[in-house]
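To keep things clear, I will list the structure first and then write my remarks on it.
Chain lettering (A, B, C, D, E and F) follows the sequence in which the chains are written, and residue indices restart at 1 in each chain.
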Amino acid sequence: MKRIVTLIAVGLLALPSLALAEDAPLSEVAYILNTFSFLISGVLVMWMAAGFGMLEAGLVRSKNVATICLKNISLFGIAGILYYLVGYNLMYSGVDGGYIGSFGLWGADDAAALAGDYAAGYAAGSDWFFQMVFCGAACSVVSGCVAERIKLWPFLIFCVVLTGIIYPIQGSWVWGGGWLSEMGFSDYAGSTLVHSVGGWAALTGAIILGARKGKYGKDGKITPFPGSNLTLATLGTFILWMGWFGFNGGSALALGSAGSAIEQSNVYINTNLAACGGMIAAMIMVQVLYKKVDVTMALNGALAGLVSITAGPAAPAPGVAILIGAVGGVLVVLAVPFFDKLKIDDVVGALSVHLVCGIWGTLAVPISNSETSFVTQLIGVAAIGVFVIVTSAIVWLAVKYTVGLRVSEEEEYQGCDLAEIGMEAYPYFQGRNIN
Amino acid sequence: MKRIVTLIAVGLLALPSLALAEDAPLSEVAYILNTFSFLISGVLVMWMAAGFGMLEAGLVRSKNVATICLKNISLFGIAGILYYLVGYNLMYSGVDGGYIGSFGLWGADDAAALAGDYAAGYAAGSDWFFQMVFCGAACSVVSGCVAERIKLWPFLIFCVVLTGIIYPIQGSWVWGGGWLSEMGFSDYAGSTLVHSVGGWAALTGAIILGARKGKYGKDGKITPFPGSNLTLATLGTFILWMGWFGFNGGSALALGSAGSAIEQSNVYINTNLAACGGMIAAMIMVQVLYKKVDVTMALNGALAGLVSITAGPAAPAPGVAILIGAVGGVLVVLAVPFFDKLKIDDVVGALSVHLVCGIWGTLAVPISNSETSFVTQLIGVAAIGVFVIVTSAIVWLAVKYTVGLRVSEEEEYQGCDLAEIGMEAYPYFQGRNIN
Amino acid sequence: MKRIVTLIAVGLLALPSLALAEDAPLSEVAYILNTFSFLISGVLVMWMAAGFGMLEAGLVRSKNVATICLKNISLFGIAGILYYLVGYNLMYSGVDGGYIGSFGLWGADDAAALAGDYAAGYAAGSDWFFQMVFCGAACSVVSGCVAERIKLWPFLIFCVVLTGIIYPIQGSWVWGGGWLSEMGFSDYAGSTLVHSVGGWAALTGAIILGARKGKYGKDGKITPFPGSNLTLATLGTFILWMGWFGFNGGSALALGSAGSAIEQSNVYINTNLAACGGMIAAMIMVQVLYKKVDVTMALNGALAGLVSITAGPAAPAPGVAILIGAVGGVLVVLAVPFFDKLKIDDVVGALSVHLVCGIWGTLAVPISNSETSFVTQLIGVAAIGVFVIVTSAIVWLAVKYTVGLRVSEEEEYQGCDLAEIGMEAYPYFQGRNIN
Amino acid sequence: MKKIECIIKPFKLDDVKSVLTDLGIAGMTVSEVRGFGRQKGHTELYRGAEYQIDFIPKVKIELVVADEQVADIVSAVQKEACTGRIGDGKIFVTPVDQSVRIRTGETGPDSL
Amino acid sequence: MKKIECIIKPFKLDDVKSVLTDLGIAGMTVSEVRGFGRQKGHTELYRGAEYQIDFIPKVKIELVVADEQVADIVSAVQKEACTGRIGDGKIFVTPVDQSVRIRTGETGPDSL
Amino acid sequence: MKKIECIIKPFKLDDVKSVLTDLGIAGMTVSEVRGFGRQKGHTELYRGAEYQIDFIPKVKIELVVADEQVADIVSAVQKEACTGRIGDGKIFVTPVDQSVRIRTGETGPDSL
C-alpha cells in the first residue's frame, strides 16, 4: 500500500459518485481539509512522544527517571531534524517500486496550489509534518526497552541512524511505493513499519546491551524492578491512546471527501475498540493467571490492542476490531514472562507490545481486507524484520566498540540520573533503599 | 431537546437564510465538517478520562493511587465495549417519544452518503464515537466518589450496568428523543444526563458502601485525608477544562454551517468563562470562610463552573456565563462540608461538583433560554434522579450481597494497592506514616 | 503587522488567483474553516497553561508546588475574565494607528454572518477565544520567575492588571493596528508581544521582590535549588511544544484558503524544527561547557527554540528555522548563569527563555522576511520593553507598599504551601531536609 | 535517665501517643523504619514475576524519661500497642548519661 | 566512647554540621525524624474540615565520639542549634561499648 | 543485652541481612540515614551552578541481641559489609537494660 502517491485516488476519486460532485469549486476545500487533517492528526501523534516519555518514566526505577525523560524528548528533536535532512526523501522521493528513495534535503513546493491547481491534494508541509512524527514514534519504542543501562549520547547516535536511515529505507518499501507495496503488502498506519521496526531495533539493542544487573539470577530467578510511578505510566497510556486517533485516523491521508470522512470515523471507532478489547482481555488474563490484576499489564494491554489494529483499522467491523485488540492483549500477557525467560530485559514491555502485537496486527489484516494475503503480509513482516535486525545490530555494535554503549556497573547501581546527567528526578523525596 | 434526530434542523436549516446558501455543492463539505467536529470533539472528551484519572489519583491517599488509575482507565474500556454492544441503540434507536430504545449491536450505515446523499449530516461512526465518550464520563464521576474502599471487580461490574443500561435508558428520554425531550426538557451537553447521572449513582454507592474507616469520628469529628499529589490533581483539572471544549462545543452537533460555527464559538467562550467564574468564586469563598485558599477547592470550583454551564452553554451572554459558573463555585464550597456533615464520604468532591452543580446548571437553563421552563427542567432533574437512584441502588446492593462490594478493614488500612492489585504506585518513595 | 483587521486581506485575498475561485458558495466554508482554526488552535494554546503549570511545578522545590499549581490555574481564570471585561476592546477596538483601544465589555456581533454575509471572515467569538488564551500565556511567564517567595493574592492582583491593562495596551500597538503596526513592526505570534512582555514583567518583579533567601551567598556563591520533579518539567515542556502548534499555527489567522493552509503547514514545520534546533543546541552547549547534559537546560532549550521562531514562523526555510531555534538554545544556556551573576533570581529560567529569546526572535525576523527592517524591529522591542517595565514596576511597587508582596522569611523557609495555603502538594512522601 | 525505644505497627501510633500524653510525657521523637522479624513480608507479583517484600513498615518512637517513669511507660505502651498478632514490635530500654534542652541549656530530667 | 544524639530544627543542620567539623569531628549520621513536644504542631484546613498536624519535622544527628570530646561538642551544638524559640530540640548522651570501622576492622576511638 | 547499630552502604543490605539470618538472628530494624564522613559527597551542576552534596545515603540496621552473640555478629557484619573502599561505615555496640515483646509481654533475651 503506497501511502502518499495514491492519495488522490484514495481520498478523492475512489468513489466515482463523489468524483462527479467534486468539481473545481470543491477541490480547494478538499485541499484545505486534507491539509488540516494532516496537521491536527500530526499534532496528536507528536503528543504521543510525551506519552512514551511518561509511560517510560513511570516504569523505570526512580534513579533513572530524569535520564529517560531527557532521552524521550531529545529523540523527538533528533527525529525532526534527521527526517528533514535525509529521512523524508529517502522514504518518499523516487522509490518507484524499488528499495530506497533518494538523498537530499526536504523542501516544500506548493507553487501549483498557490496558482490554483489543487491536484497535489494537500500542502507539502502538512504531509512532511505528519510523516515526521511517525518517525519519532519508532524511536520512542526503543528508548523504553533499553532503559536504565544505556549511555545517553550513544543512544542518541543510534536514534540518528534509526530516524535518518533505517526507518526511512524500510518505509520506502511500503509507504514510499517500493517493492513491498507493489507486491500488495498492506500496513495502514504502521503496525510493522513503525511499531515492529521500533521493536526489532529494541530487541537487537536489548540483546547486545544485556540485562540490567540483578535482573536475572543464576537459578533462573527473576527479580522484578517495579516501576517508580504508576500514575505517570497511566497518564502516558492515556496520552498514547489519545494520540493514536491521530496516528490511525490521520493515516486515512484525506478528509476532503465524504468517503474519507467516513473512513476516518471507522478508523476512530476501531482504534478505540481495539484498545478496549486489548485492555480488558489483558486484565482478565492476569486475573486468571495470577489472581491479581497488574496495572502495568492493563496499560500494556490497551497499547497492545492499539498496536494490533494499526495495520488495518479501516476495514474491520467493530466486533472484529475488539477481537483483534483482545488477541493483542492476551499476547502481551504471555509475551512479558516469555522475554523474561529468554533473559531479554525489556524494561517497559516494549517488545511485547510493539514487536509482538505489531506482527500480529500485520498478519491479521487479511481477516477483514480481502485485497491482502497472509503470505504477502508475512513476507513483509519478515523482510522488514531481517533488515532492521541486521542494520541496527551493525549500528549498536559499531557504537559499542567505539564510544561504548553501557554505563559502568557502579553507575548502573547509582542510577543513570546521577551518573550520566548529575541530577535526580525527585531530589526532595526520600528514596527507599530498603526494598 | 433531541440530540441526534434534530440535527439537521438545528445544524443546517435553523437559519432560513443559510438554507438557501447551502445547495448541493456545499452539502458534502457540511457532511465532512460535521463529521470532523464529532471526531475532534470526541478526542477531547476521550481525553477527559485521563483528566478524571489524574484528578482522582491526586486526591486519594498514596496507598490507593494505583488502583484508582486502573479503575479510571478500565472503566473507559468498558464504556467503549458496552456502548457498542447495547448502549447506543438503547439510547438512540427507535425511542420515539418513549422511555427506551431497542436492544442490539450498533452498526454503521453510511451507504447513502457513499452514494452521494449527504442528508444524514455526518458519518454514523463519528456520531457513535462522540456519544460513546460521554458515556465514559458519567462512569468516571462515580469512581472518584467511592474510591479507597470499593473492590476493583465489583466496581467494574457496576460500570458495566451503568454504561450499558442505566446511562443509555435515561439518555434516551432526552437526547434519544424520548418523553422528556417531547416535554421540552433541555440539557445541551449533559449537566443532568452525564454529570448528575454520575453523581446520583455515586451518591447511592457512597451511602451503600459507607465512609472510609476513620473519616468520621464519634463526636462529629471529621478527619480529612489529604490528597496525595496536588500537581496531578491540577493537571487533571486542566485536562478536564481542555476536554470540556469538546464536550460542550461538540454538542453543537454540527459545524457544517456558519450558524453552527458561531454557535460553537459561543459555547467555547461560555464554557471557558463559566470555569473562570467558578474557580474565582470558589477561591474567594474559601478565602473569606477559612482565611486560606484551598487548592483542591479552586480546582473543584473550576469544574463546578464547567458542570454548571454544560446544560446550556450556547445561549447565555458571556457575563451570564460567568455568573452561572460562579454560583457553581460557591455551591461547591458549601456542598463539600455539607456532605461531610451528612457523613457521606465523597473522596474527591464528585457529588459537590457533578451532582449539585449538574442540578444547578440544568435549572439555570431558562435564565437565558426562553424556550425552556423551570418546571420542565425540574421534572427532568427529578425523574432522572429517581431513576438513577433506584436502578443503581439495585445494582450496588445486588453486588454487595453476592460478590461483596468493600475491601476488608485490614485491606483498607493497608491500602487497595497492596491489597487488591499487589503493587504500589510509588514504590521507591518513603511514605509518611506519621501524619 | 495588524493581526485582526487585515485578516481578510491576508487570509482570503492575498493571492489574486484565489480571490477569483472563492465566490459566494465558498465563502461560508471559508468562514467556518477560519472559525474552526481559531477554536482548535485556541484549545491548544489554552492547554499551554497546563504546560506552564507542570513545568513550573516541576522546577520549584516541593514545598512550593501546591502554590505554583494554584497560581497557574487561577491566573488563567483571571485572564479569561479580565480579557472579557476590558482587555479585548482595549487591544482591538478603535486603535486606528494609535496607542490604545477603547474601554468596554466585549460582545459578539455575528448578525451579518447569520444573515448570509461572511465578510467578517470568522465568528467573533472564535477570535475572542483565540486572543484571550494568548493573554493568559503572558501571565504564565511571570509566575514561574517570581515563584517561591511571592504572596498569592498580591501576585493575582498583578495578573489582573497585566491581563486587563498592560498586555492589551501594548498589544494594540501591533496586533490592534496601532502605531507600531503602521511603522511596519512585525511579530507573527508574539515573541515580543507575549513572551517578552511576560519576560519584562517578570524581570521587574524579580528585581523588586529580590532573590530567594539563600540563593546568593556573600562571596558570589550561588546555591542552586534543584527542581522537585523533572518528569513534570518534561511533561510541561511537551505540553508547551504541543500547544505551540496552535499558538503559531493559529496565528495564520485563517484556514479558509489553500494559501492559508499552506501557510499553517509551513508554520507547523518551522515551529517544530526550531524547537528541535533549540533543544539539540542547548544539549550540545551544556555538554561542552559542563561535561554533563542538564535535563532542565534541554527543556529550556526546546522552549527557547519555540520562542525564537514565534515572531516569524511562516517565512523561513526549514533550515533557517533550525538555526533560529539553535541560536535561541545557545542563548538560553548562556543567559541562565548570566542572570545568576546579576543576582536576579529566576526560578524556572523564564527570563532566559521568554525574554532573551523573545527579543532574539523578533530581531531575527528580517532574516527571512524582506518586508521588515531590523531597525523597526528594534524600535518595537524597545518601546514595548520600556512600556512594560515602567507600568509593571508601578504595579509591583504599589502592591508592595500596600498589601505587601513577599512572604516572611520564616514562611519562605517553611514553604509557601504550608504558609500560604496550608496544604502540601505531596503530603504522604517524606521530604529530604538533608540535602 | 533512660531512653525507651518502641517499635510498633504504624496504625498504633495515634493510640500510643495518646496513652503517653495521658502519662504526662511531654516529648518524643518518631521515625519511620522497616522491620524484619517473625512477621514475614509478602510476596508480590509484578508483570508475571514473583518477588518477596521482606521489610515491613514500622514506626519507631524514642523517648527519654526519668528513671522512675520507665516501668509505667513500658507497661502502658506494651498494652496499648498490642494487637496479639505477630509483628507487634518491641520495646527497648537503654541508659542515658545526659540530656540537654537546646533552647535553654538546662540539663538532666528537667530538660525533658 | 559516647554517642551524642542531637534532635534539632532542620534549618539548623548546616550550621551544626559546620561547627562540628570545626571541632574536628570527621563523621556523623543524620536522619529525618518527627518530633512531638512543647512546640505544638499546626492546625490545617482541608476542604473545609480542620485537622491537627502533631508531629513536626526535625533532624536527628548521631555521632559517636571519644569520652573527652563530649563536653565540648554538647556545648557547641547547644549554642549553635539554639534559636531561643520553643522546639529547638534536645541533646542526649548515651554510653557506647564498642565501635568498629567496617572498612578496616579497627575498633575503639580509632575507628571513629 | 546489647544493641548493635550498623551503618552500611545501601547495596550491602541484602548481603548483611542474609549473613545475619544465617547466624540465627530473627529480627532487626532498618532505616534510611545519610552519612557524613571521610567519604566525600559529590559535586553536582544544576543550570550552570555547582553545588556540593555532602550527605551520602546509608542504611542503618539496629538489632538487639543477647550479650554472648555480640562478638560473632559484629565480626560477621564487618566482613560482609566490607568493600575495602572508603565509606563502608561503622558498627556501634551499646548497652540495653531491658527488652519487651509487645505481643506477649515477654521480657529479656526471650523477647528478641
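FYI, contacts are C-beta pairs under 8 Å (C-beta built on N, C-alpha and C of every residue); 3 or more make two chains touch, one makes a residue touch a chain.
The shown structure was predicted, so the numbers you read here are calculated from the model rather than taken from an experiment.
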**Study point:** Between subunit C and subunit D, the fewest steps along chains that touch one another
**Key:** 2
Point to revise | Which of B-E and A-F has more C-beta pairs touching across its chains | key: B-E
Review point. Same or different: at the subunit A/subunit B interface, is the fraction of residue numbers used by both copies above or below half?
Key: different
Review point. What whole-number Å value describes the gap between the mean CA coordinates of subunit C and subunit F?
Key: 53
Review point. Where the CA atoms of subunit D average out and where those of subunit F average out, how many Å apart are those spots?
Key: 18
Check your understanding: Which residues belonging to subunit F are in contact with no fewer than two other chains?
Key -> 30-32, 34, 45-46, 54-55, 94-95
Revision key, fill the gap. Where subunit B touches two or more other chains simultaneously, the residues are 25, 29, 40, 226, 229, 235, 292, 294, 296, 422-423, 426, 429-432, 434
Check your understanding: Line, ring, star, complete or other: which one describes how these chains touch?
Key -> other
Review point. Which pairs of chains touch one another in this structure?
Key: A-B, A-C, A-D, A-F, B-C, B-D, B-E, C-E, C-F, D-E, D-F, E-F
Study note, to complete from the structure: Per the touch rule, the subunit C residues reaching subunit B in their complex are 24-25, 28-29, 31-32, 35-36, 38-40, 42-43, 46-47, 49-50, 53-54, 57, 65-67, 69-70, 72-74, 76-78, 80-81, 84, 105-108, 110, 113-116, 118, 123-126, 128-129, 132, 152-153, 229, 232, 235, 420-430
Practice item. Enumerate the contact residues on subunit D facing subunit B in the complex. Key: 10-11, 13, 30-32, 42, 44-46, 57, 59
Review point. Given the complex with subunit F, which residues does subunit E contribute to the contact?
Key: 3, 17, 26-31, 64, 94-103, 105, 111-112
Review point. Can you name the residues of subunit A that touch subunit D in the complex?
Key: 222-224, 226, 286, 289-290, 292, 294, 296-297, 333, 336-337, 340, 349, 434-435
**Study point:** Footprint of subunit A on subunit D - complex, ascending
**Key:** 34, 41, 45-49, 51, 53-55
